[in-house]
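Listed below are the structures to be examined.
Two complexes follow with chain A in common, the first pairing it with chain B and the second with chain C.
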Partner chain A sequence: MKRERQEESGVDLNLRRFIKNLGYIAGGAALAATVPWLSACTPEKLQEIGRRRARVALIGTGSRGQYHIHNLKLIPHAQIVALCDTYAPNLEAAHALCPEARVCTDYRRLLEDKEIDGVIISTPLNMHAPITLDALAAGKHVFCEKAMALTLDECKAVYEAYQRTDRALYFCMQRMYDEKYIRGMQLIHSGLIGEVVGMRCHWFRNADWRRPVPSPELERTINWRLYREFSGGLMTELACHQLEVCNWAAKKMPQTIVGMGDIVYWRDGREVWDSVNVTYRYSDGRKIAYESLISNKYNGMEDQILGNLGTMDMTRGLYYLEEDRSQSGVRQLIGQVRDRVFASIPAAGPSWRPELRSEYMPHPVIEGAVHVNGGQNMIGVDEDGSDVILSAFCQSCITGEKAENVVEEAYCSTVLCLLGNRAMEERRFIEFPDEYKIPYMKF
Partner chain B sequence: MGTRFELLLAGVDPDPAEACWDAVTTVLETFDAPLNRFDPHSEVALFNARRDPSPMRVGPVLDEVLHLCGRYFELTEGLFDPTRGDFCDLEFSDEGVSRRHVGLTLDFGGFAKGFALRRIGERLRAAAVESAFVDFGGSSILALGSHPWGACWRVSLTNPWTGASLRDFELRDRALSTSGNTPAYTGHIVDPTSGRRIDGRRMATVVAEDALDAEVLSTVLMIADAERRERILARFPQASGEIYEL
Partner chain C sequence: MKDIIIPAAALCRELRIAVGCFLAAVAVNAGAVVAYERPWTELFSQIGYVIVIAAVLYLLLWPLRLLGRGACLLGRRIRK
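Take a look at the complex of A and B:
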């Protein structure tokens, strides 16, 4: 985390800069219309909370929990008061990061603590729903890692509990708080790339997705991502964010799902697929082509929104126009160098490009340095929105204000991931089941 | 010089890059001041406007330029001529430059960009720049080293009438100069030996080690017939040229 901290004024500078940057882009009212979830964390509201601090506890202190601890320590309106984990080495590591926090191994004990405003859940996926439901029932504000839950019925239960509660609930859908995604989405909705005609998302890595296991009986505890009783595999761990972006761009939900999943390379006793290809089809025929493979990383991670006039590369914060005669050769070269592309540039006369991706000229969606997540880090990267959404949650712990649409978006994308898994398991074409539809969804 | 100038330095830290840019703009200003015929105070404009037949003293830049032009005039069999008349009507003496008749004027349009690029290349090499792309309005290019993600700099030549790509050039420590007509601008190249305007859908490119050779030759190729083209190019072993009838 490279960011300033200003204890004196009690203002989270990073959050304030983030909102300010977006304000320049969209203007206040337009901003609220495109990204309504940000209205719960405006700089004015941050000012109102003064020196008050959210007293938060972490449930799950593995690598992702510790990543959140690093971010929380930079948020002036956050105070880590307790840590909980069933795996002692992780709990000790987290305690070393914040020695002033109390520690425990049973999250239910922690939920009884009246001195705790909110909990941050970074456990294996199978525990997301049980802990979220218990925490809401105990009157805690909740921030939970994505995906929402391991099963469709659990998702529905969490969604319904959220309808009944006055507590704030966040799922770590960090792209909703990532400046380049927000700006890119505004440009898409402004018509820059024309009509959205399709989406291509993929996540490629070349790694076994394993963590070191100190003794064999801990295999399933440590490598929970690889086993179906804990994990939805690549879909819930990776695709979840990307499908959310597609729906954000399309402003609707896919209706039919088909896919294939296999273990292609990592035949090491794991139960989840290391290769998935899923197609999501919207009612108007547009499709999301989703692919994830973890034995080749050449293609990295990309979220592409395809329009008839251009392409938005959300991951890099760049867009490309189908017909682009806007800039001189050297400007194109600058774009190429930044984008690690080697291609020819026009020497004289109007420019012409063949239909090859490398020949397109990248345009940045925001000026200045853009943090790009190549998708290879298994824990989290700097400034991908995770820090901002966590800061927004801490603000909600103080104000009690819910963030609009965050739960709905998490529900929609998680359900799509789980339906993708179902389509692959059952090897059939799935229509979106009525029982999992919510009023927020448009088909 | 009435055109866009762009410089891309790759792998150079901001401070030395700033120093390079200063050196480059100094070169451009040094050349533009005496050679820009559109600036009424430039030496060239004063020479052109002069009615006095006596020799005019010229500064070191114009002096060097005129001597270089004389050399190219010979090597190109008179097809390169900055005088809009006959270069032979210029007289050089210890008192300065004079001309045999008042109608003779100077125009370094097909020369100055190449001359500046040659000097800029020298400055960049002296500053240990290994990778740079210098572009004078798209028609005069100097490519030092290679693109950071490739083994050369790749430039495509487009047909200005159709937008189609004519060919790609792979440049590494080479200059590329393009001359020719475009739909918007035709007939600006004149055969100095006959006064004939070169019309038609024609372009010429020259790739050379030296940017000034490339600049001069691309214009000459537009004018020369096939036989002369071959003969003239043979005098520049480090250059290769092509003509496109579009």
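Take a look at the complex of A and C:
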């Protein structure tokens, strides 16, 4: 029904509503400063494409690939024409979702097909860079899952290839297209939480990160996230998104990195750590404290931007003020009296008193639209920005217009993930290497 | 069961004290509006808090009034 309505209108209602909600028309200049990548998908440009459709092929049809298929089916200017995977059960499941699409097992055959405008890559991480480079060389527009690549050199190669090509390249950094992240970032940059003094991100789960394996020889193919030849572990799979948010807030890149990684619980033959703690330090002393653990989920996932006047909890789309002036005067007065009566220590100054976390009043970044799900998810379980960025990519396939800064942001966050892994591996304090710096980076 | 008779004078006194507490609570709310630079509409919108503060003040006055009454009785006995 929804699909029919969208097809009738000839434009992507989701994308239009999203951009309209952001006030693109009213505050275009201010918005462009925070999210320049949206300039490739304005409502006017969306109108221009009319009823044209991007003919896209999916390379990699596992759970993420199939998730993209669901989203693509809701995008009127997208047409899935081919599917490719080396693992037959996934390919069959994906084909069942879009029976009209052709299927193949060798992605190079897809790239030779002149009918295909763009490819969507949802493969294990080790294949991101090779396929992206081949696809760009073949003249295809490319949408690739994060992270950008498995190694620093591959990241550089992809970045350089992008500089040379006129094709659009997107990495699925969906937080860049997530309405509450954009709103939250606008508020941060407007000074709502004061000066950004630090960032605190974590991602906690209590699961082994494994998938069922029908036969032992498929273990590394299916559970590729657990093995270093395919994956960067928690850093590339989880931290990548969060580090991008931190740099977006700080408007610069960290200069030094130190961390520790270990397997503390899931000693099941995996090669990647199940517990990582990494500290990224900016040149002005601000730090990102990153932590991920997959044997305790008490803390869930959080991206916190800390300011001297307040805290922005990006994940939940909420902010908290240190001195909350939004409360009524009498409530503030009662709070102050309560603090004086119950928190004063008559014998000495308060410096040694343990400061347990106070109760802060949450304020939504988007009025009336916040649904908190135990920190596991955000505003609208299905609307985390993945659908919008995919829609923007399909638009780029038609217009040929590149989205500003998407590749650069993906490059920055992926390189930071890989440097975090290097710091943990070598157990040393490392400086950001000059050879991986790009003009986009500010230190 | 014995009827409890509250004299009109006592009722008037309690009423005056309650109104005094309410006005004091309104003054606290007005002070808070000024101190925290909040809109004057809070004089009405925060009436719930004002009523609670007035009730608390009224209750807090009870022990003081009992002490006062006790002191008066003691003084009278001493004078006798």
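Note that the second predicted complex is superposed on the first by the 392 of 443 C-alpha atoms of A that agree within 3 Å, B and C clash if a C-alpha of one lies under 4 Å from a C-alpha of the other, contacts with A are read in each partner's own complex, and residues count from 1 in each chain.
One rule holds for everything that comes next: a residue touches a chain if its C-beta (ideal position, glycine included) is under 8 Å from a C-beta of that chain, and two chains touch if they have at least 3 such contacts.
The model shown is predicted, which means the values in this text are computed figures rather than measured ones.
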Exercise for the section: May I ask you to decide whether A:Ile334 touches chain B, chain C, both, or neither, giving the answer as first, second, both or neither? Expected result: both
| request: Could you tell me if A:Arg108 is touching chain B, chain C, both of them or neither one (first, second, both, neither)? | output: neither
Message: Tell me the contact category for A:Lys251 with respect to chain B and chain C: first, second, both or neither.
response: neither
Comparing chain B and chain C in the superposed model, the one touching more of chain A is B
Intersected contact list for chain A, partners chain B and chain C 328-331, 333-334
Chain A contacts chain B in the complex at 328-331, 333-334, 336-337, 340-352, 354
So, in the complex, the side of chain C touching chain A is made of residues 28-29, 31-38, 42, 45-46, 49-50, 53
Per the touch rule above, chain B residues touching chain A in the complex are 4, 6-8, 10, 133, 135, 138-139, 141, 147-150, 154-160, 163-165, 168-169, 176, 178, 180, 182, 203
Within their complex, chain A touches chain C through residues 325, 328-334
